[in-house]
Structures are given as structure tokens and as C-alpha cells.
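When the chains are written out, they are named A, B, C and D in that same order, and each has its own residue count from 1.
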Amino acid sequence: MRDIYEHTAGEDLIIKTSVRLMVPFIQVFGLYVIIHGHYSPGGGFQGGVILGASFILLALAFGMKTSQEYMTVSVNAVLNNLGPAIFIGVGVLCALFGGLFLDYSALDKLIPLGPVEWRSFGIFLIEVGVGVAVMSIMVLLYWNLSSGGAMDEGL
Amino acid sequence: METIIGEIVAKYNYWIYVVLMMIGFYAMIGKRNLVKKLIGMNIFQTSIILFFVSTGVKKGGGIPIVDKYQALAGHVEAASTVNPLPHVLMLTAIVVGVSVTGVALAVLQRIYKEYGTLEEDEILEKLQR
Amino acid sequence: MNATNLHLFVLIVPLLAALAINLLGRRSRQWIAPLVLGSLAFSVFGSIIMMARVIEHGTLRYTVGNWQPPYGIELVVDPLSALMMVLISVVALLASFSSLKSVEQELPGREHFFFTLYMILIAGLFGLVLTGDAFNLYVLLEITSITTYGLIAMGKGRAALSSFNYIIMGSIGACFYLLGIGYIYILTGTLNMADIARILPTLNAPVATATAIAFVLVGLWVKMAFFPLHSWLPNAYSQAPTGAGTMVAPLMTKVTVYLMVRVIFTMYTPALVFTHEWIAQGVVWAASVAIICGSVLALGQKDLRRMLTYIIVAEVGYMVGGIFLANANGLTGSILHIVNDALMTLCLFLVVAAIIYRQGSVSLVSLQGIFRRMPITMAAFTLGAFAMIGVPPTCGFFSKWYLILGGIDGGHWEFVIALVVSSLINAVLFFRIIELGYFGSLQDVDHQEHIIAERHEAPWWMLSPLVLTAIILIVVGLSTGPLVNNVIRLMIPVGF
Amino acid sequence: MKSLALLATLVTGALLLYGTKDFPAWGDPQAPASTYLSPVYIEKAVEQTHVPNIVTAVLGDYRGYDTMFETVVIYCAGMAVLSVLWRKKEE
């Protein structure tokens, strides 16, 4: 965290310090929600929104420039497309391996884990894809709506 | 008369959600301010989500997360867990609601930049001129 | 790529192309055209192979993820949906030639955003045509709507306001549809259309079933701009960027009419929908009113594109009325009209795109003496006009002929009169423009000077799909016999 | 115009409420929604997919096609907002 306090001089110190402390824990919790969707309430959408919220919190407290340092616009564009690509890719992969579309047990030919275990792992793969997609798109929505499309100075 | 009262009491959740829906529906078509129409749309969509989730309720049912080893051993009977299907459907409906609201807000910004107002009457005036 | 997944690859390839366009198009524009045309060409071939396979082997029932139907999502590819897949892919391919050119002129620097939404819209339409699951249909309705809201809102000036009105009306339609599905789910406990058709008649819940049917139908009517609920369509389609109008106008309302056919004939069995005679009678009356008002409103328009949007509203009246005649001829006529009207609207909107590309406006004033400047475009326009009026060699005549036969069978004279009057009004509308185009004198209206007299034809990128569509209008017209016998006849339920 | 909207709302609301006449009572375990599809989901989901959270199992696997289109919906919203609002700095 370089000289963030200087060039946003007027900002309140308390907000910035507390946000600086909270953001890492929010992100870890977001990852937990995505990955732990099998055993506890959660999954791709909920975890993705929490991860997206951590970047939005950064943008609110430190200004859009800082949040764009942590996720640049081009990385965001790649992640936007990567999420649905993972999901559809897994579906197409199942079809290519002789099964029906989105039939994860067909991937058993790829790595023999057993068809039922592959279903559980297939669900995990798409949860990751959905999480990536929702995170990057939530951040994109905030950046666009708050800056009116110029993506330079937020609220 | 008591049959109607009995019926309302038995199905009071549908009555509440229909009232919520109609508030949203009226705001969407009756209000003149564009942002109020958008808020009405959100009320309508949220009340439909509540309506769907309430269909999944089972008296005495627990949350739809079962213990893995008990389930594999086959000791899970359906009466003890709530119906999971409406929850899945409403995950989709929530995402759709967020998406439509996001696009509507972006379009509202464009309208405000174009006409400088969000009151439908003032916009129509500017169009006639 | 084994054979059984082909219909899904027809859907997935445009979707992946949309992602690729978004990634690659950002850096360099020349990636967009090959991706768009390549994926749509694949879809055209895939859907034609799918069509041949379905006619040969009959309906294909496919469950995504290898689950038994009521538990997983079931896709149904029967002759009608295979026909719609071919129609959507062909119309999308032809429209995308002209959209590539007009977007380059109107939306410089935003082509990759435009074509991402454009390809997802096409994938959504494919999904709508394939699905056999009620809730999945709602999700796909939302995909096609959100992409259309985005495409329309990219236009200039009033486009944002008309897009917002479309968002509000579209959300009302989608929420009504979802409410209808909620009622069905509470009654039957399942979401699979074939299952619902099996369980619904056995329940003795007449009131809830009637409410469910009413809400699903009203939801779809709002989405297809059926007359009293059509107020969003004229502004939305006429202020959209030309590339979007060329693609959305021919397909969106027709696919929604197809959905109504799918809902009435596979989800609620026709016996359930047409139980009370006065319901079908009332809807046919509403359709006749829709036809007359749509055509009359089109008379009062000063701009060719707005006139065409009102004609679309009238055409929706044709199709809804044809279905609710509740007899074989009426149903054949309206299904045939879905195909014909999509092609006719595509031809006329391609003409509009070509003229706007050259002249920037299609107001009747600026169309004077256009035959000398753009002879080929206007020749195709004349052919499209003949199809819309219903002149025999073209396809418009045959579907109208079946609709009139159906109207006479059902004894709905007001429907037959509405059809005939609307054809006459169409004749007046289009001959007025043709006469303006041929004999209109080139008097110097203020912006006329820069329009030079000699040929100023649209680029061949926009002309080739236009001429091809005009030819297809005649080919489809002449091939009505085989089209009806081995595709539409199979769809008509027994004892109808 | 407002009175017309109010009338339409009341008519729709009345129709909706009248439609709930044939519904089972709230939370009734014997309701069709709770006796047709969902018992199989509850009993078989863990056995067929090894995922204790049945909602995730149904969301990801039984109705995975729905979730795929859900991801496409959220992607469409992002792209639509971007295409409507995006402008270069100097515009």
C-alpha cells in the first residue's frame, strides 16, 4: 500500500484503515464460500458476489484508481470471458468425450476417478467458473455505473 | 363466511405475496418517474421470489443439506428436509433480477444524460418540442 | 463430436463465438467478421443436418447431463423446432452480413460489444426453440430480452428511452410468465413440459389451471407485442441501431409466437386451452382488432421503418388469431406464417438497412426517386412488398391462404374480413412507396442536393443477402406443399 | 391513466388470489410440489453426486443447463451495461 493516504488527502483515515484490514478477510471468506458450496450453503454465485464486493469496497474507500491497481480493466475483461468459458468448456468437454452435454461422468475417460466422484468434481469446476464470472462482472457493473462509462473516477 | 376466513388463514402466505406483487405492478405501470418504475420492478421480482420459495416449505422439514455418510447409508427420508427445487429456481431468478436492474440503471444514466430529467412527462414534453 | 449432441453444438458455437469476439475484437476489429460468419455458417449446416435427421428418425428427446426426463432438463427436437432452428440460423446469417456493414458505419469502436450481444441473442433463440422445460424457457426468454435491451439502448437519441420502456414491459411479461409457471409447479410438482401435459388434465383444479394458462399466455402476449400490449415495439425497433433492427425484428416476435404454439400444444394440451368456446372466440376477435389497428396505424407513418414495425404488430395478430381458430388449417397457416413472415420482415429490414447505409434516413420524403439511385435494392423491396401483400408466387400468399381457409372453417368471419382488409391496406402502403420511388420527382428538398441522380447502390455486402432473401421468398412460396406435408402436418395433434 | 393502472392491478391481483383457491395449504407435506420430484432429489442426490448440499447438487448437475444459461445472463448484463455506457475519456 504505497502513498495511498496522500493523494486522497481529504478521505477519512478510519475508513481507509478499517477497509485495508477487512478486505483480505472478505476475500478469503468469499473463496471459502465458493469452494465450500458442496458442504454448506454457498456456491459460485454467492462466493463470486462476496469477492466482487471486496473490490467494490476498495473502490469506495480508496477511489477507483486503487481498485483498478488490484484488478486492471484488461484483467477484468479476460476474467469476464473466462468464467462462462470454463462453464461451457466443461460442458463441451463432456460432449467431446462421448457423453451427453454437461454429463460430468463422461469425463471419467479423462482421469479415472469414478463416474460419481467426477459428478461431484464437475460441480466444483462449474462453481469455480461461475464464481470467476460473477466476481468480475459485479466489479465491472460497479465501475461502469459509478463512473458513467469512463471508468476513471468513481463515486 | 368462515370457509373464506379458514382458507385465507390456511394460505396466508400467498395473500401476502400477491399484495406485494400488486404494489410492485402498480408502481411499474402507474408511476410517472422512471426510477420509481424501476423500484416497482424490483418489488415485483422479489415478491415472485418469495412466492416461489414459500412453495418449497414443508412443516417439520430441515434445511436441504443432509449428512453425507447418513445419506450414503440411506437413512434420509424426504419428510425431514425442505423441498430444494424452488431454492434452485430462485437462485436463477435472483440473478436475472440483478441483471435486468443493472441494465435498466445503465439505460437510465443514458436517458438522464440525454434529457436531463427522469420524469416521464418532462421527457415527453422535450420530445414534442 | 458424436451425432447426438449436434443440436447443442449448433447452440454452443455462437455462444463461444460471442466470448471469442469479446476477447479478440477488443484488440483488432478484423477478427469480428470471420467469427460471426463462421459460427453462423456452422449453425446453418448443423441445423439443416438436424432437420434431415429429425424428419428421418422422428422427434429426438435429449436430456442434458444424462438424467431421466422429469429430473434433468429435457430438450425436444421435433419437426417444428428443427424447422425453427433452420429458420433462425438462415435469417441470422443473412442479417449478420448487413449488420457487419451498418454497425461499422453507425457504432465505430463498439463493434465487439454489439456482436457479443448479437451472438448471445442468436444462441438464446436456439435455446428457446430447443427447450422442453418450462423454467429453462423463462431463463432463455430473459437472455434474449436482456441482449435485446442492450442492443436497442446502443442507438442514438431516443433509443435509450424506448429501450427503458421495453425493459419495463418485457419484465412485466417475463414476471407474468414466471407466475404462471409457479402456479403450474404448485399444482403438478414438475417443470418438464411433457410431464405437465400428462399431469394437468388429471387434477381437478379448474380455477388454478385456468389462472396459470391465463398468466403464461398474457406473459407471452406482452413479449410478442400482441395488439393491446404492443406499445413498446414501434419505438424500440425503429430507434434501435440498424444492425440490431435487421436481426431482432424478423426473429424475436416470431420465436415468441412459436413458444405460444409450443406452450399450447405440448405443455397445456389443446383440450385444456380451448375448453371454453368463448375464450378462443374472444382471442380471435382481439387478433382481428390487432390486424386492423396495426395496418391502419402503419398508414399514418411518415417513416418506412416505423411503418414496418406497425406491420409487425399486425402480423402478430395474424399468427395469434390463426392459432386460436382451433382448427387444422388455422394452425398450419400460422406456423407457415411464422416462417414466411420472418423471411418477409428480414427482406424489408435489409432494404431499410441498405437505404440507411447510403442515405442515412428512410423518411418518405427522402425516398423520392430512389429507384434510379438504388435499383437492385428497390427491386428486392418490390418483391418483399408483394410477399407482404400476399401476391401468389411469393410465400406471403400461401400462409394467408391457409389462414383464410382456417377462418372460414371455424366460421370466424371477422378474422377473414380483417385479413382481406389488412392485405388491401398493405397494398396501399407499399404501392404508395413504390410510386414515390419511381415517379417521385427529384425536387430539391433541403438535404436532397447531395443525393446525386445516377446509381449509388449499397455495397455488395448488403446487397447479396438482400437479393438472396428475395429469391428465398419465392422458393419458400413454391415449396409450401412439401413444407406443410412433412413438417407442419406432423405437428397437428390428432382430432384437431 | 393512473386509474386505468389501478384497475389493471386490482384485476390482476383478484385473479391471482382467486387462482390460489385450489392450492394445498402452506407447508403441507403432502402437497404435489413436495411429493413428486423433490423426494427423489433429497434421497438420491447424495448417492448420485456425492454432494451433501442438495441445492448445489440440483443446481450444478440435475439442472446444470439452467445454471449455464444463468452465467450467460449475468455475462449479458455485464456486456449490455458496458456497451450502453462505455465511452472513451474524451467523449
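We take it that a contact is a pair of C-beta atoms (placed from the backbone, for glycine too) under 8 Å apart; a residue touches a chain by one contact, two chains touch by 3 or more.
Source: prediction; values computed, not measured.
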| item | value |
| --- | --- |
| Set of chains whose contacts include both subunit C and subunit A | B, D |
| More contacts between chains, A-B or B-C | B-C |
| Inter-chain centre distance, subunit B versus subunit C - centres from mean C-alpha coordinates, in Å | 29 |
| Separation of mean Cα positions, subunit D and subunit C [Å, integer] | 26 |
| Separation of mean Cα positions, subunit D and subunit B [Å, integer] | 9 |
| Two or more partner chains touched - positions in subunit C | 15, 22, 64-65, 135, 139, 142, 146, 149-150, 153, 160, 179, 185-186 |
| Multi-chain contact sites of subunit D, meaning residues that touch two or more partners | 16, 20-21, 23, 31, 33-34, 37-38, 41, 47, 50, 52-53, 55, 59, 61, 63-67, 70, 72-82, 84-86, 88 |
| Where subunit B touches two or more other chains, by residue | 21, 25, 29, 55, 65, 68, 85-86, 89, 91-92, 95-96, 99-100, 102-103, 105-107, 109-110 |
| Parts of subunit D lying in touch with subunit B, wherever the complex brings them together | 1-2, 5-6, 8-10, 12-13, 16-17, 20-21, 23, 25-29, 31, 33-34, 37-39, 41-43, 45-47, 50, 52-55, 58-59, 63, 66-67, 70, 73-74, 76-78, 80-81, 84-85 |
| Sites on subunit D touched by subunit A in the complex | 47-53, 55-57, 59-61, 64-65, 67-68, 70-72, 74-75, 77-79, 81-82, 84-89 |
| Subunit A to subunit B touching residues, read off their complex | 39-41, 43, 45, 141, 144-145, 148-149 |
| Subunit A to subunit D touching residues, read off their complex | 37-43, 45, 80-81, 83-84, 87-88, 91, 101-102, 104, 116-117, 119-120, 122-123, 126-127, 129-130, 133-134, 136-137, 140-141, 144-145, 148-150, 152 |
| For the subunit A and subunit C complex, residues of the former touching the latter | 77-78, 80-81, 84-85, 88, 91-92, 95-96, 98-106 |
